Each structure stands twice: as structure tokens, then as C-alpha cells.
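Would you mind keeping the following structure in view while I ask a few things?
So that you can tell them apart, the chains are marked A, B, C and D in the order they are listed, and the count of residues begins at 1 in each.
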Amino acid sequence: MNRCGGVNMRNIVDLNSDVGESFGAYKLGLDEEVLKYVSSVNIACGWHAGDPMVMAKTIALAKENKLGIGAHPGYPDLVGFGRRNMDVAPKEARNYLIYQIGALTAFAHTEGTSLQHIKLHGAFYNMVSADARLASEVAKAIYDVDKGLIVLALAGSELVKAAREIGLRVAEEVFADRAYNPDGSLVSRKLEGSVIHDKDLAIERVKRMVKEGKITAIDGTDIHINADSICVHGDNPEAVSFVKLIRERLEADGILIKPIKEFI
Amino acid sequence: MNRCGGVNMRNIVDLNSDVGESFGAYKLGLDEEVLKYVSSVNIACGWHAGDPMVMAKTIALAKENKLGIGAHPGYPDLVGFGRRNMDVAPKEARNYLIYQIGALTAFAHTEGTSLQHIKLHGAFYNMVSADARLASEVAKAIYDVDKGLIVLALAGSELVKAAREIGLRVAEEVFADRAYNPDGSLVSRKLEGSVIHDKDLAIERVKRMVKEGKITAIDGTDIHINADSICVHGDNPEAVSFVKLIRERLEADGILIKPIKEFI
Amino acid sequence: MNRCGGVNMRNIVDLNSDVGESFGAYKLGLDEEVLKYVSSVNIACGWHAGDPMVMAKTIALAKENKLGIGAHPGYPDLVGFGRRNMDVAPKEARNYLIYQIGALTAFAHTEGTSLQHIKLHGAFYNMVSADARLASEVAKAIYDVDKGLIVLALAGSELVKAAREIGLRVAEEVFADRAYNPDGSLVSRKLEGSVIHDKDLAIERVKRMVKEGKITAIDGTDIHINADSICVHGDNPEAVSFVKLIRERLEADGILIKPIKEFI
Amino acid sequence: MNRCGGVNMRNIVDLNSDVGESFGAYKLGLDEEVLKYVSSVNIACGWHAGDPMVMAKTIALAKENKLGIGAHPGYPDLVGFGRRNMDVAPKEARNYLIYQIGALTAFAHTEGTSLQHIKLHGAFYNMVSADARLASEVAKAIYDVDKGLIVLALAGSELVKAAREIGLRVAEEVFADRAYNPDGSLVSRKLEGSVIHDKDLAIERVKRMVKEGKITAIDGTDIHINADSICVHGDNPEAVSFVKLIRERLEADGILIKPIKEFI
């Protein structure tokens, strides 16, 4: 990695996807498919999604595919899939994290591997991105569990700052299909233009984020962004095709796809 | 420890109690009280009882009291307090264990300590005590998570055998207030005479189990038993008083009370 | 309905299917499809499957399709989909039923409809089919909630007996694709020959059960069976096609497909 | 009830308490004690607290004590006791209510009684008190389930307005031990002076609320308030003594204590 004058001259990036979101009799996501194209995975830890059987299987699959393995802890809201904001106190956030990271770590160890990173899920991700106090508690919790863990967080978020401050390695995450505000935050999904539907445009934006560290915000201005990892989805066949396409185009352009631990 | 000809010449024993069984707004057990008298604790892992806040607090308390710390995994049956038999498949039992042990381990690490042992809870304990196949899967799971863990199991049970076979250290558990069948199993609580209500008698029985490795079964015959740890309770003030009394009487008789890791 | 000398001269039958088994972000079953071909549905009540959003939507769909609406209560085992035997006490079974039936009833009322029947799910269904004491408690609970409810139960089971004894109307359920023992019980899925894979054969068996009240058991003997309702599945497109085929063949043979309340 | 010129000339009031908050092995609240002194109870419905066994028992107790029986639905947050704000959508709030009211209604029916009222719990209560859109959806849900139900809601809240608007009977609830803002809202517990610790003062305030429809706000001004029901607690012996004292003092002053259905 070589950053000079705010310009990211990088030719390497991570592709990450949420996996292991099935639960009991419920199957969600085309894990086997998307695992072929990403370099890191975020595995649900049994609170907003996932269960011990799914976690064991998913860890084994991720190891087999030589992927960077991350814990994907969420709020205790299975029926809401962890997507609803909850007024969780900082100390609760801390202990919820420790619990879920610990559970997934044990599965990693029994499979002879270990965790690369932590990425929060859904409402937990969103609230910690925006709340400095919560972000600080979360960073401390991750540090206390294992200071070797990488924090995968929304580019430019409070968690990026808090994790760097405490001494953790950080990977900043960007979205291929989302519009950005001039301050680097994501344009709310409730607003028009928040989602980039044109695949070619989305991929061009990703390339520029990776290679130049720049993205055109929704107001037309160019802003700086660190694109260490690109969040992609494996919910359905179309989504998986898009991941495949992103990977092919990035590689065709000379960009390497690697787990974040290899370059952070 | 010195065992010759089936006679246990030991003058040391562990006292263990289930703790950390509170949940959210619900308080259960006089943990602060009973922790003064026992040498090891079994901490609930959030499935049949306990939650991340309680786990964090209980680990800290146990460490402060210099106790042997154990995970106390149970069935996923909070409303039944893990006391109801469930038809859990061996592979499920394995993954349920890994999950819960992992979660508690993370709290231990963040507090700068580690786990001494694993003791199953309630219906999980009972079913694994009696089912060789389940016991074998459970022993393997514990071994795979951390082969340094001690298994605290019902004296003479299938889990004692399975854990020894795989190469884990084992502590055999006895009950101060329960009658034993001639084959070493506990007399069912449904039968008359299953519970020893006379405290003096109960303590005398414990002493003999520890010092001679013998207990008089319900039919009057003397049987061999390994009393590495005595299970005691902290549910109410009377229970705690009994624990205090057991400890005093054992110590008065020259028996040392120590965490199992110090003598197993 | 006209039964003489043990022979069922009926030309009417109900087709029932489990629906409303989605949960939060998890979708399960092709409810919209299978609803076109069945006459009654069993709606999950949020314990082993389903949630309040799903229940509201499914009740509305069932009403729109003019189907007989049933509650499908299960054990409190979401991760096990209610399929694992649990040692639930009779009084617990009673209160678990009242809770779930009440919850679904409220959704029926807000949609301007009401419940036709109760059919237990999974392990709850199996355990109550075989256990006279549990069956008696379950029948009493249903009677106490609403004595107008029909009990849809395994043909010849303990619940059929207990429900009749207390004065509830009963519909006996048969399976198109399962082999029967000479005593009228289902051949365990663990045994060879337990599932009838030949669709034409399965449908011929169903027709005979409906029209003659007879089925050929796995040992070749003919046994009596009351086929008030046929259990069918909507898990996948092939299953739905089979339901469509059953319906077409039965109707082609002059058998009417009607909700059980119309002929029980 | 006779209200003229904003002055409430009433000499009757309801005392309500949350009960049935135990869960499985966890006991919470001195229900048997507090039931002697209140006229209405709010029974937890198994989401934030309570379970089917507790609900059945509590309904029976409440009926035996001839109390007004209310459902006390909460958010799906057992570990947080329903006290944490959650971003529940209006349609979710609707269906969560229908589910919980239905479940409790079934227990009431099996005990030969029926529900008098609905009072939301914790964060659900607070959020609906302040959010007009949520309040409107909640009022509609209650109306759709049973338009005969009384809504017991924070005096002056959005739910009071929404429930009146849709045509439901409403009982306004006041707090003996809480300070009020000049706009009639409760002073936040985070602020000094929010809780009235002087029991005599608290009771005098209650009397004036009941008899004059007035309370002195925290800034010293007198404001109008409708005191149809006083919220009291039975968490511990001291709380129960206070309930007993309130009842005695009100009765000594000629104020009748009656379930809200008798005077609303």
C-alpha cells in the first residue's frame, strides 16, 4: 500500500461478503457460490442470523476456500435480522461483541484456523459507524478480545477512527452500488439515487476508489475514500453474477483480489 | 493424589457450584455469597441461563476470588432452564458446546484469565452421563476446542470414560445430599430416600467419599466412588450456609479445598 | 359422510398443508402456490416457525383463498424447527397450546375470520400421537380454549381418541407418500420402504383410503383407516406439482376437495 | 365520573401494577402480595417477560382477586426486559400487539374471564406515548382485536389521543412518585427531582390528581391531569408496603379503589 498526498496508488483490494446467515431449517444466501469470488467472509454468530451448525459448516467452507475469516456480530434481534436500531448501552455492546466473537473463534480453532477480522452487522454496524462513544467501546472490546484482529468498518466512520486510535489495524469498506454524500457517508436508501443500478458504472466507480482513492459524490464533487475492501452480496444468482463480474473486471484491470490481512 | 487398590487416600477435594445463572432483569442465586466458600465455579453460557453482561461480571468475580473457572453449557431451552431432555443429535451437541465454551472463553481472556474446566448443565449433563455415543462426541468437542480443559463429570458416568479415553483430564463429581444406587448412579429424585436431608450425615458421607473413596449405597452396600469435586448450591441463604458448613467440617478434618486443576 | 361396516363410502376429503413457516428475513415454502390446491392450511404460530408479520399475512391469504384455517402449534425450538422431541410436561403442553392458539386466533379475528382446526407440529405432533396422557391434556386444552375447534390428528392416534372422548370433532389425517404398519401407525422414516416414491401408486393409495377406508400395510395386509384429510407439502415446486396432481386425480375420480368443517 | 370546567370531581380511581413478570425458573415481583391492594393488573405476555405457565397462573390469581385484567405487551427483547427502544415499524407494532393480546386472551377465556384493558410495557409504552403515527397504529390494532378493550395509557400522551379518536375507551395513567413537566409529560429519570421520595408528599399529590385533576409541575405551576389509574409497583416488600399505604390513605379520604371498567 502506498498512499501519497491523499491519493491511493494501490492495485490490491479485498472483496467481502456476509455468509453463514442460514438458521436451522432456514436457508439464506448462496454461500457456496459467492465464496468462489470473494477474498474475505463475514460469518454471522447466531444472534441476528446463523446457528452453531451453520457456523461450523461455514468456517470449514471458508477455510477450504482459503478466505479471510471474519466474525459478523449483530444485535440480539433474530426476527428483525439485526436490522433494527436498538438502544444498546456501550457496555452491552462490548459484551455482546465479546460473546459472539468468542463463539466464532472457537469454531475457527476447532477447524485449525483463526479469525482475520470483525465486521459488525446491520443496525449494529450503522449505529457504531455514527456514534463515537459506541465506536470507542466497540474498538476497546475487540482490542481486549484479540489485538491482532482487523476491524472492517465503513470508510471514514467513527469506528475507523476509534479502532485506529486504540491501535487496531483497520480495513475501510466501500460499496459498489451505493451513492456517497460529500462528507463520505452513504446516501440514505430512502433517497432517490442512493443505489447505483448501472453495473458498468458501479464497477468503474469501484476501480477508481481502489486505484485513485476517489469517488464522485452525489453532488458531483470528488471526494477521497479509502477502499480497502468492497462489500458484495450473495443473496441471489444475480447478485453472485455481479460479484463474479466485479472480480473479473478488477483483475482484468490489474487489481489483485486478496484477503485484507495480506495487505493491511 | 494417591489411589491404591481402589482406595482413595486423598486429603484434597474441590467444591463446585453453578453460578452466573441470572439473566437480564432476572436475578438467580447468591453468587457473591457462595463464591466465598467454593473452589471452582460453573458459569452459565447464555443458553439455559446467563447472558453476556452476567458472564462478564461473573468471570471477574470468580477471578477476584481465585476460583477455578468452568463453562457450564446447557441446552437451548431458556424457559425450561435447560432441565428438559431434548433429542439433540451428537453433531448438534458438539456444536452447541463449541459455541458456548467459545463465548465464555472470550470473557475469560478479556479478564486476563482462562477456563479450568467444562461441566455440562441439567438435561445435557444427565443425557451425556448415560449415553456413550453422546459422551464420546462431547469429549471430542471439548478436546478439539482445548485439550487442556478438565472435564468435570458425574462420577462413574459415560462422560468420565469418554473423556479419559480421548486423553482429557477428568474430575469426578459427587453429591453431598444425594443417595447412590449400588452401580454408582444417583437414585432418581422421584424415589423416596433420594435426597439426604440430615446435614451431619451428608457431611460424613462426603468425608468418607473423599478420604476413603467409598459411599454406602441405598441398599446398604459399600461402593467405590471417586470424589474429586463436590457439587454444592448457592440458590438460597440456607444452601449457602450448608456450603459454609461443609467447607468448615472438611477443613477441620484436614481436608484441603482446592480448585481441581491443582490436584487433577 | 356415511360409514357402514367399517367401510367409508365417502367421496369427499380435505387436503391440508403446513404454511406460514417463514420467519423474519427467512422465507420457507411456496405458500402462494400451494394455497391454490389445498382446502385447509395449518399456520405456524411463532414458536417453531412463523412470526407475527407472517401470521397476519398468511391468515389474510388463507381467507382470500376461502380455506379452512388451522393453528399449527409447535415446541419452543426455533433452531430445531420444532422437530426434536422435548420432555415437555403435560401442563406445559397445555399452556404452550393455549398461548399459540390464542395468538393465531387474534389474527384470524382481526381479519374477520376464525379458526377451523388445530394440528400439532413436528415433535409435538409425534409425541402426542403416541402418549395417551399428553394427548388427554392436549385435547382438554383445545376444548377449554374453544370447544368448536376441530382436531386434525394422525389417523388412529392417541390424540384422535382423546379428542373424541372429550367431545371435540376430529379429522383423521393420512399421508399420501408414507407406508403404514399393520397397526395403522406410520412406518418409521428410518426404515426402507417407508416413503412411497411412485406418484401414481401414492395417488391410488389415497383414493382407496378416501373411498374405501382401506390401505395396504407394509406387510401386504389390508387395514382400515379414516382418511378425512390428506397431508400435502408445499416446500418446493415439485411438491406443489404433486399437490396439484393429487387434487386433479381425486377430482377426476369424483372426489370433492373441501375444508374439513364442511363434512366433519 | 363528572368533569366540569377541567376540574375532575371524581372520588374513584384505579390502582394498577405490572405482574406476571416471572419467566421459567426466574421469579420476579411479589405478585401474591401486591394483588391484595391493587384493582387492576397488567400481565406480561411472554415477550419481554412472562411465559405460558406464568400467564396461566397469573390470570387465575387475578380472577380470584376480582381484579381488572390487562395485557401488558412489550418488545421482543427478553434480555433487555423490553426496556430498550427498538426501531419497530408501525406494522410490526400492530402485529406484535395482536399476537400478545391474543395469547393472553386465550388464557383469560380458559379461566372463564376476559381482558379489561391493554397497557403497553417499557420502551413500547414510552415510544408509543410520544409518537403519533405509532400511537395511531397501536390504537387501530387494539380496536381491530376487540373494540371493547380499554386502553390504559400515559395521561396526556399520543396514545390517549389516538385511542379516543378511534373510539376506544381510555384510562389515563399517573405516577405517584414521579415529577411532571409543565406540559404534562414525565420529568426524565436522568434529571434531578424526577422521583418523589417523600411518601407523604407522593400520596398528597395522588389525592389531588384524583380529586381535583391537578398536579404541581416541577416548575411550580399547577397543571391539569386526568388520573384514572395510578401505576404502582410490587417489586419488593417496601414497594408493596407503599401500595398498601396509598390504598389506605386514599380510602381514608373517601376515594374508592375500583377496576377501571367500573367507572370509565
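Just so it is clear, contacts are C-beta pairs under 8 Å (C-beta built on N, C-alpha and C of every residue); 3 or more make two chains touch, one makes a residue touch a chain.
If you're wondering where the values come from, they're calculated on a predicted model, not measured in any experiment.
Counting every residue number used by either copy at the subunit A-subunit D contact, over half are found in both chains.
Superposition on CA atoms relates subunit A and subunit C by a rotation of 180 degrees, given as a multiple of 5.
Taking each chain's centre as the mean of its C-alpha atoms, subunit B lies 44 Å from subunit D.
For subunit C, residues touching at least two other chains, in rising order: 79-80. Interchain contacts join each chain to each other chain, per the touch definition above. Of all residues in subunit A, only 23-26, 28, 49, 51, 78-81, 83 touch subunit C in the complex they form. On the subunit D side of its complex with subunit A, the touching residues are 76-77, 79-80, 84-88, 123.
Contacts from subunit B toward subunit A in the complex involve residues 46, 52-53, 55-56, 91-92, 94-96, 98-107, 109-110, 141, 144-146.
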